[in-house]
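To start, the structure itself, in structure tokens.
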Amino acid sequence: MKKIEAIIKPFKLTEVKDALAEIGVEGMTVSEVKGFGRQKGHTEIYRGSEYTVDFLPKIKIEIVVADSQKDAAVATIIKAAKTGKIGDGKVFVSAIEEAVRIRTDERGEAAV
Amino acid sequence: MKKIEAIIKPFKLTEVKDALAEIGVEGMTVSEVKGFGRQKGHTEIYRGSEYTVDFLPKIKIEIVVADSQKDAAVATIIKAAKTGKIGDGKVFVSAIEEAVRIRTDERGEAAV
Amino acid sequence: MKKIEAIIKPFKLTEVKDALAEIGVEGMTVSEVKGFGRQKGHTEIYRGSEYTVDFLPKIKIEIVVADSQKDAAVATIIKAAKTGKIGDGKVFVSAIEEAVRIRTDERGEAAV
Amino acid sequence: MNSPHWRRYFFLLCLCLFFSDFSAAAADSISAAPQMQSTATALPAINTGDNAWLLASSALVLMMTAPGLILFYGGLVRTKNVLSTMMHSLILMALVSVIWMVFGYSLAFSEGNVFFGNPLTHLFLKGVGAAPNPAYAPTIPAETFMLFQMMFAIITPALISGAVAERVKFSAYVGFMLLWLPLIYLPLCHMVWGQGGLFNWALGGKIPVLDFAGGTVVHISSGVSALVFAAMLGKRAGFPREPMVPHNVVLSLIGTGLLWVGWFGFNAGSALNAGSLATSAFAATHFSAAAAALSWAGLEWKLKGKPSVLGAAAGMVAGLATITPASGFVSIPAAFCIGLVAGMVCYFAVSKLKAICGYDDSLDVFGVHGVGSIIGMLMLGFFANAEVNPALANTFKANGVLVSLAGSSHQFINQCIGVAFTAVFAGVGTFIILKIVDKVIGLRVDQEEESVGLDLSQHGESAYNE
Amino acid sequence: MNSPHWRRYFFLLCLCLFFSDFSAAAADSISAAPQMQSTATALPAINTGDNAWLLASSALVLMMTAPGLILFYGGLVRTKNVLSTMMHSLILMALVSVIWMVFGYSLAFSEGNVFFGNPLTHLFLKGVGAAPNPAYAPTIPAETFMLFQMMFAIITPALISGAVAERVKFSAYVGFMLLWLPLIYLPLCHMVWGQGGLFNWALGGKIPVLDFAGGTVVHISSGVSALVFAAMLGKRAGFPREPMVPHNVVLSLIGTGLLWVGWFGFNAGSALNAGSLATSAFAATHFSAAAAALSWAGLEWKLKGKPSVLGAAAGMVAGLATITPASGFVSIPAAFCIGLVAGMVCYFAVSKLKAICGYDDSLDVFGVHGVGSIIGMLMLGFFANAEVNPALANTFKANGVLVSLAGSSHQFINQCIGVAFTAVFAGVGTFIILKIVDKVIGLRVDQEEESVGLDLSQHGESAYNE
Amino acid sequence: MNSPHWRRYFFLLCLCLFFSDFSAAAADSISAAPQMQSTATALPAINTGDNAWLLASSALVLMMTAPGLILFYGGLVRTKNVLSTMMHSLILMALVSVIWMVFGYSLAFSEGNVFFGNPLTHLFLKGVGAAPNPAYAPTIPAETFMLFQMMFAIITPALISGAVAERVKFSAYVGFMLLWLPLIYLPLCHMVWGQGGLFNWALGGKIPVLDFAGGTVVHISSGVSALVFAAMLGKRAGFPREPMVPHNVVLSLIGTGLLWVGWFGFNAGSALNAGSLATSAFAATHFSAAAAALSWAGLEWKLKGKPSVLGAAAGMVAGLATITPASGFVSIPAAFCIGLVAGMVCYFAVSKLKAICGYDDSLDVFGVHGVGSIIGMLMLGFFANAEVNPALANTFKANGVLVSLAGSSHQFINQCIGVAFTAVFAGVGTFIILKIVDKVIGLRVDQEEESVGLDLSQHGESAYNE
């Protein structure tokens, strides 16, 4: 199994989720993160002082999929999340050795 | 070393934490995430309109353990987190190549 | 490529980020987590009752780097995050099989 | 979806309201000439300064409920229950007003027997208009008095909600309140403040119990009912093993500030005019709150090593609840003393008594309002001061002889009777009502609903979103 | 950075203000002797109780805007737009005050033709001082009346902002308001409330439209303008496909509480004294809010299975907006009926009408304020009650003959005329103004700015930080 | 745990309070007959309208402290310090009240020398009752005047807390305030407002400094003390390298709204009656706030490209602080001018002056309140207008000759003297007090405590939980 971690722009979440659901990805876990990258932050003003905010809000999506599904999932994410502008994010893939569904004790690909 | 990631129901956190502490897991990192899975979301009503909320609040627990501790830890989590109802969550295991304790520069299993 | 995950004390974030930027790490993803470890929690008082808070606020930094950059990055994090006091946190390293930059479809080390 | 029932009911209700409107009009037209004048060019008897203060006070007392109390309580619960907790107070602003309009005011304040007034006298508030009711407040329209008192009838049951937060079924809560108000609150209100009420000291009662702004009627009745309700409902899942810490202390502090400010309307408004008695009640209120904040936070500092902010706030509320019955009868230094005691006693009630007895009064309604007002009522027995409020000395007659109600062991006993009666009446009454509601509706949400939170399970909403 | 322009303008403005100050002084000194006395030792005619109530009411109405409305609206938008939404109201507290000072008050309330007053009569508020204006409020300083009315001029445009939240360009918003106030609000205000205004029923108007505290002037004008603005601006990106749920319902509930409390100043203050009419308007306000909360939440309970907390709150606001025109003219049971209807009609306006028509009125300004006040104005045509407000029967003269304006099909038609005129006037006016603003500035932020949120893109801030 | 000490102290305190209560009673009974009447049936001299307004104003001024100021300040700090920041104001509501009750009021307002009053005259507020004090406010009970003034004594030190937020030790803060109030505030209050005070212009002072509602006494004294305190405490760890952005701007905006509303009580209440002078002060307050919001936000728009919401809010507060001393003396256009200047000057004080001087006044107390009120005091020297407040022309006598205090270079010099004296007195006094407190307690938390946050380290709480 593979774990796919994608860092995307927050307003793309719905699109990515729907696209993944369409290709049959049934589970995913999402968290709010802050990203630092080429896309530079912006300036905020508080009571006359300017501050540079380096970190931008991003969404991290984690999905664990069967090896066979990996390429489709990555391609789907990239397609749905792309705006072509800087800050679109990254996708990282790593190996998962074991997966268990807590409710049923199912293991391996049956669990994802 | 192995990294165990468990996605569980929020109200199970205390139980899981206590159970892990009992078998000697000394460190863990917890974050609030939103999950999408078989457990379907619910409907919320705001000013006369209904919205479907797909994402449910979940807790992600991450623990890095020595290879030898892995099975016990996974079993413990599953036992403590199970309610038998849909949405109980998943456990994923992956390999960790290196671990360092920042304070002491200890490396490897001594660090976890 | 390697993924470096570091759990650090929140007030060290700026220092770590700046130190990483200096050695050329261009991207990172940060999230707020709660940690449980040797550093014990504290007591809070609410309306006459005392509660023990086990979980302490921590920051998790994730960076994916080329294999060659890994050692420098880990060393840099450790140096910047160290206070020498309990609770300084940990660094974990794991393997990343694939990385894609969504905007350009670049793959591999070019993407990180 | 298609339910002719409720439409028919609604239609009937409207009809009935129309009818009452016109019948009232007809009734009024009998004495039309003077009445019309009175509404047109405010009666000479109406003092605009007094009316201005009472309108402002009515607004302040409503502000105590919302946003005051909803903030105070809302901040103390966990995130998943904040809306339901706020709803418990908000819905009473609507429900109680209906009851009050239909027969509630009449039951409390029209003439009747020693226990309750005649619910028909002012049915649909007929006859409650521009003309003052000289018995209660001779310089303001009777309608103003009615409004001011209504705000008390709203906040009292709202206080109870703090004890049952995070687990009560919403329908059961509504059902309970629809019974509690007419069966417990309105009679108590009549007995203590109504003309000819059993405990009324100024308008022809039997046992002269002093209660300026609601020690018995408001705080003891709600505090004791809260205790019974909490006990019958059972503890929240996980209590006391799991910490249940306030999800947003900031909200509670804002609420505390608004409660303190609103309480000036509550207590100083209870003078029913803008004269020096209002000022005196205002002052007593302030100094008691200040004192109780110091003693609660001071105790914590001493015993726990740190003065908590929520402790200071809880002390303020305790000081305010405690001085309520005494506010129009005591000097400033006495009010300060009462506040000091309030902070300490309530601190122990909340931190020790609750732990020992093992009930789960989620937001400490009994420990703060119940216990506080009990000691306030009792201390008032000694501190009541005829120089602050001369009526104490020259109003109550026993067997035709003037009796001073100023502080004395004699008056202390009267106060004890009032407290004991209120506690038993409210406690037993609440018990019976809950037995009924439990039968008919069931008091508590199921385990799954409780774990998801009442916001989602009872109201289909979450407080905080993206 | 170096811009002599604005410095010069500022200098000119200051000069101009100085000048007006001194010229006013000079003008005053013509009738100096009595004037000075009047400011020195409050005129015998000034009733301190009335003035106290009107000052308190003015404060309450400002409190409705901030923090009331900014909380209510701020809680309903998404996190990234909360500050900009609050700014929409806050900035009007400043902008409207300037217009009001320079010529606004004069345009609305000095004598003129049936459509507007003379903007020069009270330029820079000259002549608006301690002496009462007997036509409007004989027992309080004219300056108090001016202040009270200003608070209405502030909140009315602020209401509109709810319809355009989350996508309007800030500069366009400011530009729009600078035109909307003098072109729509001030004339309407004169027509309905100004001496000799077209629809004024008590001070020499032609068509006697009853509007106690602002059904036409405030709520219909803002509600209809909001609808037009929302339609011309277009939907928010993603609407209605993506859920746009309130980011913090707690804020909206606090706002609701403050709005209810503040509305007592709005409606009861509109009696312009602290007599029994103020009390009566206070009571009508309260019972309508209570009734509408019940009917809205009740409907939801029936139709959706759960009564939502935000539904109860929305019902309260609907009940308050609906009763506003009627508050000083109807009995309590009538107010209660009006509230019941308000809750139901507004519920359907918000949940069905909007979906059917497909406009994106972000925070339902039209559905609640527009629709609510329309039905309030119309029901008032039947419910107006000369026993509640005797002036209804003995003030308006058509062709020299006293005509009663109490509820009747005749008065209903007058009300219809008032409503229709206001809706068309505000709607068409807003349309034209927006065409101009769109040409000159452009109404809407670009897609990137909208997706980032207005807080950051328009104001360079985020509401919530570490 | 077992500490007989504080129990003994508490017992003594109670005894002492009892005693004072009875002694007061005894003292009163000497002139018992009239006194008792007065409390019974409000003295003929008491005007209920005036008293209603002053009670409402007292409530409004307390509302400025909580929830107004605690919200404004609480929103500006970082999450980990919000409760401690709120506590800084809340605890003063308790502490100051005690000092005020014991001897504070007497020190400020009883007769004495030019610097302070006799602390024993009204020890434990004896003799402060229903009878008016004709020198200060002839139409309201002296007790009302005492309450109103107390609210000023509470908020003034609370303002200081903004400068020391996020790093001051709580015990040091309490210690400082216990000294600052009697040594700085109360004497200043006597000098400016007390009968026979050095700078009193209306009650027999020497140098006639105009200060209607607290430019010197409240804002300059707190602003300068804040500056000194901030400087002596040192910068927050990481300042100015790390951004320290407001954790919740929404809270600050709610606070701003409440401050504006409450300020009507502050300034218009300072008329001490509900006549036309109250109205005039109300108006000046409003227009200055509006103007300053425009000029601050306008400057930002010009210089930074975007008008920030917090900037508009900061401008409002600056406008309010600046007009405070002038509010009862100037015309509306003059107030508007003052506000325009206030917004600009304070903007530069906050954004440039602070950066240049390098002190860390966390929440800009000096830049807004200190600087604002200084320019307000000085501009008042020119703008004071005897048509707005005729007493200016016919009250102050120098060498037996009436001298007009209306705007002139002469009065400007008087104002300069008042400002300079206050700044030096408060600055030096604060310096000395802090030296002592530093010796005895130590001013600042240690590094670890600061990094964890004061909420946890000083009070054992976190604001936001699950």
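Lettered A, B, C, D, E and F in written order, each chain numbered from 1.
Throughout what follows, contacts are C-beta pairs under 8 Å (C-beta built on N, C-alpha and C of every residue); 3 or more make two chains touch, one makes a residue touch a chain.
The model shown is predicted, which means the values in this text are computed figures rather than measured ones.
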item	value
Set of chains whose contacts include both chain C and chain B	A, D
Where chain D and chain E overlap in contact partners, by chain label	B, F
Distance from chain E to chain A - Cα centre to Cα centre, in angstrom	46
Whole-Å separation of chain centres (CA-atom averages), chain C against chain E	52
Distance from the mean Cα position of chain F to that of chain D, given in whole angstrom	33
Sequence positions of chain E contacting 2 or more other chains	47-50, 52-53, 56, 245-246, 248, 254, 274, 304, 306, 308, 310, 459-462
Residues within chain C bordering two or more other chains	31, 44-46, 53, 94-95
Chain-chain contacts as defined at top	A-B, A-C, A-E, A-F, B-C, B-D, B-E, C-D, C-F, D-E, D-F, E-F
Residues of chain C defined as touching chain B within the complex	2, 6-8, 31-38, 54-55, 58, 60, 74, 77-78, 81-95
Chain B residues touching chain D - in the complex, by the definition given at the top	11, 14, 42-46, 53
Touch list for chain E against partner chain A, complex	242, 451, 456, 459-462
Interfacial residue positions of chain F with respect to chain E in the complex	47-50, 52-53, 56, 60, 78-79, 245-250, 253-254, 256-258, 260-261, 264-265, 268, 273-280, 282-283, 286-287, 289-291, 293-294, 297-298, 302-310, 312-313, 316, 331-334, 336-337, 340, 385-391
Chain B - residues contacting chain C, complex	1, 3, 17, 26-31, 64, 94-103, 105, 111-112
